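Same chain, two partners: chain A is paired with chain B first, then with chain C.
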Partner chain A sequence: MAERITDDIRAVLGEHGRLAVDVASLTDQSNLYEAGLTSHASVTLMLALEERFDIEFPDRMLRRGAFASIAAIRAGLEELTGAGA
Partner chain B sequence: MQPSLANWLRPRDQAGSLATTRILSKRILQRTTVQLGIRFAPPYWVETFVPDVMGNKPLRDLDVVTAGVETRPSEDVDLPRMGNRSPLSRSRRRKVRFAVGLDVVSVAEVTAALDRFGDRYVERVFTPQEAAYCRAGSTAAARLAVRFAAKEAAVKALQPAHRWTDWRAIEVRRHKSGRCALVLHREAASLASRRGIRQFALSMSHDGDRAAAIVIALRAATRRRER
Partner chain C sequence: MTPLAAAGSLVDTARRIGEAVAAPAADAVDRSARFPHEAMAALREERMLGALVPRNLGGPGATIKEVAASCEALGRSCASTAMIYAMHQIEVACLVRHGLSSPYFRDYLAQLAQHEWLIASATSERGVGGDLRRSICAVEADGSRIRVTKQAPVVSYGEEADDILLTARRAPDAAPADQVLVLARKADMRLTRTGEWDTLGMRGTRSLGFTLEASGSTDQIVPVPFPDVASQTMLPVSHVLWTSLWLGLATDAVGRARAFVRAEARRTPGAVPVGALRLAETVAELGAMSATVHGGLADFEQHQDDPEALGGMGFALRMNNLKASASRMAPEIVTKALAVCGISGYRCDSPYALGRHLRDAHGAALMISNDRVLSANAAMLLVHKDD
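Here is the complex of A and B:
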């Protein structure tokens, strides 16, 4: 389940992240902002993830760096969908 | 006559890439340090330097000079008073406290976001007033892009402790004269208050695929007595 979520995150990230590097070259812990994720791209990434997983990111989650890494995104999604329970 | 810093911002530079902006910034900073006779410490030597782009004032009237980096808080810089005194004179100084933010946004990215997410994108990022104004024109994407740049520039000037998420709390309000100014709401307003920011200066521009904005946040100004 976690692998599928990670694959989906990487797919969305590749489409909307506009990173300076290939998503495949990133580890789950790589800092996405250091990889080129801009503030604007993080907004479109958020919208795309919400659409893909049918969720809505609450502010409290965004403020603590929900898009800092693939692992952080996965943790947030698992919290919102209950997939990690 | 002292040259105007703004004259050094040639159109192709304003529309250029971020790398161009940084090269330009460094060049302006180098010229300015010579003109003002002040030296910036090494951390100041790179990244964003913002001249007086608001009023196109000559250098002798310049009251805001800074350099800053996205992730590094702006610091206080002592500026020598200009005019008849030597720029090198340290006898009388004016201390200006400020913070600066600069951001560049791709209009094509905003166009893509509009096409892909439509109202969800607009409503998540822009206030109803901003959205209404931008949608009323034929260049909606450029108008939205330059406003996002202004919001991000304001965030850089505000230096929040966490990733900014409430983009609608920073609003670009357009007056009847065409002048645009920042209006802060909620956490943005309280953060500005805590920072002691009394005034914001905003300049925005878009050309082709690039939209850029500069925000200067002015805090208290104090003056040292001549010894």
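Here is the complex of A and C:
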């Protein structure tokens, strides 16, 4: 389950993150902002994740830290979908 | 001294300097587009530049609220002086709120409180326009030594400042948004002028363009990533202090309109002057602006020690709204005050002159363009739910 979520996150990141590096070169802990994620692209990323996982991020999750790494995004998604718990 | 008495004294001092020093020079500063050196010297003499430095570092430990009230007071007399004071305090606030874990910045702030140093800001850059969150220039490190060269199209009072806080990418291979804040010291910096400052208003801020070549040590990098400094302090404090001084500017314009109508009324007792009705409308708008500005200040104060709240989209949206609303209201109010004063406000040689106010007020919507601010909000509203 966690692996599939991670693959989906990587796919969305690759399509919408507009990163300066290849997503495949990132670890789950890599800092996405250091990898080139801008605040504008992070909004696009949030929208694409909401669409892909059919969820809505509550406002409390709309912070830089919640989208700072693949692991952070996965933790947020798992909390929202009840998976991985 | 109780904190309340201290609060009174800071604002009272700002008002006194505004009335006695800044106001009499405001027209000359505007006409010659020169630095308001007499008002800045007075602020320095009264130890107003180190106001935000904490007490344990030898400063008075003033609050943002007190500094905002001081900006409002100065804004009534000379918007350029108020803007220079505000911009300096924004830089000090960034260091006080994000630099205290560093011995270098603790020592720097203690010295700032002692010597009353003036800090300027170099955030904009040729090639990224006004996008605060992207840099082209980068910190080049060689051991513990660093170098930064920045093409800065506008550095307000850059020539007059003691030091300059600038944004740069963390390293030559860092992404454009991977920024740090670096304190460049005057002695280790070369400024080559690349642009002049001959503008419609805010002429005393002397926001010239420069090529800025700075060197220093890695200690001079603020120990917190710039995006956190920006969202938690630089942007909200900018919006709070700028809107405060625009409120002061609008208040002075309305004050002139009020004086004009009173003088008219005294000349024709029994008849209500034609401008009185429009004045009543203008005073109501000033009240709305005041509520907006003071509400924004209260919002910041309430959350200022909560990084989670400050970093959230809801807060960013509200601070952007504060900026966009107040900067729209300021020129509208001054324009209405001009309509009340009529030709007396249009003249530059009358006590009711409003030309400088009007020109200065139009800068509000342009410095960090309202279109940029609203575009940022438009993007955030795509995901923000106000839940």
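Observations, loosely collected:
The working rule: the second predicted complex is superposed on the first by the 84 of 85 C-alpha atoms of A that agree within 3 Å, B and C clash if a C-alpha of one lies under 4 Å from a C-alpha of the other, contacts with A are read in each partner's own complex, and residues count from 1 in each chain.
What we mean here is this: a contact is a pair of C-beta atoms (placed from the backbone, for glycine too) under 8 Å apart; a residue touches a chain by one contact, two chains touch by 3 or more.
Given the structure is predicted, the values throughout are model-derived calculations rather than measurements.
When both complexes are superposed on chain A, chain B and chain C occupy overlapping space and clash. Touch criterion met: A:35 reaches chain C, while chain B stays clear of it.
By the touch criterion defined above, A:18 reaches chain B but does not reach chain C.
In the superposition on chain A, no contact is made by A:8 with either chain B or chain C. In the superposed pair of complexes, A:65 makes contact with chain B and with chain C alike. In the superposition on chain A, contact of A:43 is made with both chain B and chain C. Among the listed stretches 7-15, 295-303, 331-339 or 349-357 of chain C, only 295-303 clashes with chain B once the two complexes are superposed. Residues 39-40, 43, 46-47, 59, 62-65 of chain A contact both chain B in one complex and chain C in the other.
Put simply, chain B touches chain A in their complex at residues 103, 105-106, 109-110, 112-113, 116-117, 120-121, 124-125, 148, 152, 155, 162-167.
Across the complex, chain C meets chain A through its residues 133-134, 170, 174-178, 225, 227-228, 231, 308, 311-314, 376, 379-380, 382-387.
For chain A in complex with chain B, the touching residues are 18, 39-44, 46-48, 51, 59, 62-65, 67-68. Those residues of chain A lying in contact with chain C across their complex are 20, 33-40, 43, 46-47, 50, 56-60, 62-65.
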